[in-house]
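Next come two complexes, and both contain subunit A; in the first it sits with subunit B, in the second with subunit C.
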Partner chain A sequence: MSTKASRTAARLMISPAVLLLLGWMIVPLAMTLYFSFLRYNLLMPGMESWAGFENYRYFFTDPAFWPAMRNTLVLVGGVLMITTIGGILVALLLDQPFWGQNIVRLLVLAPFFVMPTVSALVWKNMFMNPVNGIFAYLARVLGLQPYDFLTQAPLASIIGIVSWQWLPFASLILLTALQSLNSEQMEAAEMDGAGPLSRFWFITLPHLARAITVVILIQTIFLLSIFAEILVTTNGGPGTASTNLTFLVYMQSLLQFDVGLGSAGGVVAIILANIVAIFLMRMIGKNLDA
Partner chain B sequence: MARAASTRRKAATTLIAWTVGLLIFFPIFWTVLTSFKPEAQAIAMPPRLWNFDWTLENYTAVQERSNYFRHFWNSVIISVGSTLIGLIIAIPAAWSMAFVPGRGTRNILMWMLSTKMLPAVGVLVPIYLLARDTGLLDSRILLVGVLTMINLPIIVWMLYTYFREIPGEILEAARMDGATLRSEILYVLTPMAVPGIASTLLLNVILAWNEAFWTLNLTAARSAPLTAFIASYSSPEGLFYAKLSAASTMAIAPILILGWFSQKQLVRGLTFGAVK
Partner chain C sequence: MGRIMLENVTKRFGDVEVIPPLDLDINDGEFVVFVGPSGCGKSTLLRLIAGLEDTSGGRILIDGKDATDLAPAKRGLAMVFQSYALYPHMSVRKNIAFPMRMAGIPQDEQNRRIEAAAKALNLTAYLDRRPGQLSGGQRQRVAIGRAIVREPSAFLFDEPLSNLDAALRVGMRLEISELHNRLKTTMVYVTHDQVEAMTMADKIVVLQAGRIEQVGSPMELYKAPKNLFVAGFIGSPKMNLLTGAVAAQHGAATIGVRPEHIHVSPTGGAWKGRVGVSEHLGSDTFFYVEDTGLAETITVRAGGDLELYHGDTVWLTPDPARIHRFDDQGLRIA
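== the complex of A and B ==
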């Protein structure tokens, strides 16, 4: 069908994108891998030497490593749970007929477009601040002690902030999926006497399964590398209470200048992300055939 | 009877939906409102919803304190620049994969997507060192380059899903009529592809505008875009709520408006066509 000439032209047109991405991927990856086997600190230039698996051993035995792993999983898991369940509820709500649908949809979507540093600082100062924040005010009105969110429950607070940012994304995608639900099927079920709960459980939820999977997988990719929100609110602290894997690697490489150790951490982060990626790729790959 | 019940139901849904919507939107509303308050009233307890003295002083203060427009301009150059360069590289690639698919097309697409899964922190050290050694640290060129590469897979994918919907028969007809590859692209494909390209552009400007890993790690005072500039308010001096709000309002307003226009494309773009 396509001529030989057009196929050559096609290859020429793909090649810049492919070559650039290939370079972008291979060069830094190879460097990270290489550095991870070196004793290499930016404060001691010219002292690089082969270290074998020493950096990995240090990384895994670093007292911050297990807390960071745990925090990464809690952060990702917590946000996923809140945004998925919240997203389903919001999507179901917005799918009902009501006045001002378009405006409410815009209101719900808005937080997704707020840059991470802005939303983190606004929540930190104007809401969660134990003296001047709105939550402190509400607590006082209710006769409670103001709570210092980011000191006493740093990880939970960050989960809250990040969930606020990602709830719109989940809601929007689930709403889009809901709108393609076959209404005849719904009406038939209703006539057969299926209550709203069983209709949700047996018709709506299976219909949403694919969209929910997509939401979970795509958010996981982004949530594994949460960084700005931690940097501007808690700086990973107190102690390591809100340090995730991304933040730990950042501290080791750009604050402690330990390139070797940071690179070993980077390799670990890559492996972790790849495990998630395999599932995501399968999902999207299937769609490509459909 | 039935109609009255459904009207009542609609009214109840309206009430709940608006409450939920306003609650979710409240932090943004509050930020915008606070940006118009004098600093002392911005932290006043109880919080002031209306009884404050409207002022624009925060906006001028933010500009004077740190040359706000320089950072704003950095954001514009970095997000628009990286998107445009990405489009120039991606359009031919997506075009040929959509219309002249070969045996390897599927694999190339999946592989491009997989580069997106590479966590940024995994390549932070080499990129940082390369930037330092080439003297590009804290330059806009560096960020345009990095963000182009970060978003290139999304751009290719979005364009691909749009291009694939253009009927191939039209192209064949044009070819039969003796159209060359060049005129085929110029007169047949481009007009049909413009809406898809525009949506891709919009979504990518938004993503690049809000990117906050590379912008925070690779810039300092000179080329910092708004993401990094706002982060400087995490260690403030004195009263700063109103100034933070003013800076934030200006940082999110343009992208919020763009975002509202692109909500349909958002789903498609961010799910790589898996949900439409």
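== the complex of A and C ==
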């Protein structure tokens, strides 16, 4: 695509798709923006009136707002950290030749296919439950007091559950990147006197940089809007200990039927997502350049 | 010092014996070339010496010390790979510095060696580029630079020039030969290009299916090939191999005559034939002569000004002193 004619043709060809996508995005965004400036409660239909920035003021001064903000960032950061570091380790393991490699790779991928609600339920009832859970059982076997994960460390527990779901994704992407590493490069490094750790640090990790960037960017998009896991396990509690921004918007708009307030929250979430995106692209986006 | 001895070295991949027991002695300062057809085990042998593959049997001695189970880095050898194997995310300078960095050599000594290597290899202008921004020949020189700075006791090259175009190949061939003359370090060089083998080597090792067919200087191999395989492999164009009555006349099962040892005449000679394809190179002309009744085609080399074309009748006369005779086992008859 280098000649002028082919570039023009390419633009013409993709323009319908771009316009459609734009419409698809702009309409809901515009409506959300519009609603966020209305006093609009579903319990009093037909009473909508202009509210100015009042919804935003309510949202920002909500005692749950700052905790939700903090929880969102901790959740995203925690899961990213666990899945990238864990993903690299798992990918390194899976890259070793061993018997039954294909089946193990398939099994590692399995958590990704489990619906978030289901996996959260499984974790809540079968693993973390202080009476019936496996962890509680293990604790009793060891003579310890069972730990009530979801009450005593709700955010950490949710980070654990979400990490478990996303680890396969990270591992898989990193594994394919690992497999594309030229083996002669590794051998050259070996001849150059680099031990296993140096080889990992100087050869493997730089080679993985692009894949790690992709993993972080894609996961961030999804992690900013984690919802089902929280709804199923802790319902945002105790208090606001595990409420993130998405969950706060849900509580505002759906539990209190306040569309205006919810929309304002949605807009705030969009702004936060963009801030995070800019921040990330600044930090690691250069890895994506060839 | 870089004396490498292989004693009964074998290599098996699973059940397949790629290298049957093999002995080889590489002297200090020698330029040894492994040649052989594709898949004959040249790379495997080189990787065994480098330590990148474990031997299945036998011993490898480097400077008299048993290195069979030594890690690659501990053998004091440097290797240049066919794909160059440069580190893509490091600048040329960092690539060259990498082995010294791993060895913990002080920074100023590192810089001194980098500058020296860059100067010798014409890389000074490119030190801050990444490998991706270099041409094939430049990458090859970086790979050689990375090998030089370690000051190894021997260099191992695995088809280092096969990714380069013909002109560049000739240039790099000279550079590597020059490097060898200057450093006087042992070099083991794998190629299947027999021009490289003939021009660069002090000693050629001809391999077939993991076996050594003959070891000797290029001229020894050219003048006295031990068997039919070496006779056919060394020399370009290939030696003409004739069987049957002509061979029997010389008391052999097969005789071989090189194209350059056959006299061509349009008027008279020992064997009559008809010119098939003729390749006029200017300096030389190669004729592929058919219908001699001796072999499908006989290749001959003549001077550049012999004007014979497709379909012309020619007479060929072999130089009797340069006829190679082989018995029915394919071995040379002295």
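Keep in mind that, in the parts below, the second predicted complex is superposed on the first by the 252 of 290 C-alpha atoms of A that agree within 3 Å, B and C clash if a C-alpha of one lies under 4 Å from a C-alpha of the other, contacts with A are read in each partner's own complex, and residues count from 1 in each chain.
Everything below uses one rule, namely that contacts are C-beta pairs under 8 Å (C-beta built on N, C-alpha and C of every residue); 3 or more make two chains touch, one makes a residue touch a chain.
For clarity, every value in this text was computed on a predicted model and none was experimentally measured.
Peer 1: Subunit B versus subunit C on the shared subunit A, clash or fit?
Peer 2: fit
Peer 1: Which chain makes contact with more of the residues of subunit A, subunit B or else subunit C?
Peer 2: It is B that touches the greater number of subunit A residues.
Peer 1: Name the contact category of A:69: first (subunit B only), second (subunit C only), both, or neither.
Peer 2: Neither: A:69 stays clear of subunit B and subunit C.
Peer 1: On the A-aligned overlay, A:203 touches which partner chain: subunit B = first, subunit C = second, or both, or neither?
Peer 2: second
Peer 1: Please indicate which partner A:241 is in contact with in the superposed arrangement: first for subunit B, second for subunit C, both, or neither.
Peer 2: Neither subunit B nor subunit C is touched by A:241.
Peer 1: Using only C-alpha centres after the superposition, what angle do subunit B and subunit C make about subunit A, to the nearest 10 degrees?
Peer 2: 80
Peer 1: With both complexes overlaid on chain A, does A:156 touch subunit B (first), subunit C (second), both or neither?
Peer 2: Touch partners of A:156: none, neither subunit B nor subunit C.
Peer 1: Regarding the shared-chain residue A:185, is it in contact with subunit B (first), subunit C (second), both, or neither?
Peer 2: After superposing on A, A:185 lies in contact with subunit C but is clear of subunit B.
Peer 1: Identify the partner contact of A:193: answer first if only subunit B is touched, second if only subunit C is, both if each is, neither if none is.
Peer 2: Second partner only, subunit C.
Peer 1: Least CA distance subunit B-subunit C after superposition, rounded to whole Å?
Peer 2: The answer for the closest subunit B-subunit C C-alpha pair is 5 Å.
Peer 1: Considering only the defined contacts, which subunit A positions touch subunit C in the complex?
Peer 2: Listed in rising order, the residues are 182, 184-185, 187-194, 198, 202-203, 206-207, 209.
Peer 1: Give the list of subunit A residues in touch with subunit B in this complex.
Peer 2: Residue positions touching the partner: 2, 6-7, 9-11, 13-14, 16-18, 20-21, 24-25, 27-29, 31-32, 35, 90, 93-94, 96-101, 103-119, 121-127, 132, 134, 137, 140-141, 164, 167-169, 172-173, 176-177, 180, 210-211, 214, 218, 221, 224-225, 227-228, 231-233, 245-246, 249-250, 253-254, 259, 262-263, 265-267, 269-270, 272-274, 276-277, 280-281, 283-285, 287-288.
Peer 1: Touching subunit A in the complex: which residues of subunit C?
Peer 2: Within the complex, subunit C contacts subunit A at residues 50-52, 71-73, 77-79, 81-83, 85-90, 98-99, 102-103, 146, 150.
Peer 1: Where on subunit B is subunit A touching in the complex?
Peer 2: Touching subunit A: residues 10, 13-14, 16-18, 20-22, 24-25, 27-28, 30-31, 34, 43, 45-47, 89-90, 92-93, 95-97, 99-100, 102, 106, 108-110, 112-130, 149, 152-153, 156, 181, 206, 209-210, 212-213, 216-217, 226-228, 230-231, 233-234, 240-241, 244-245, 248, 251-252, 255-256, 258-260, 263, 266-267, 270-276 of subunit B.
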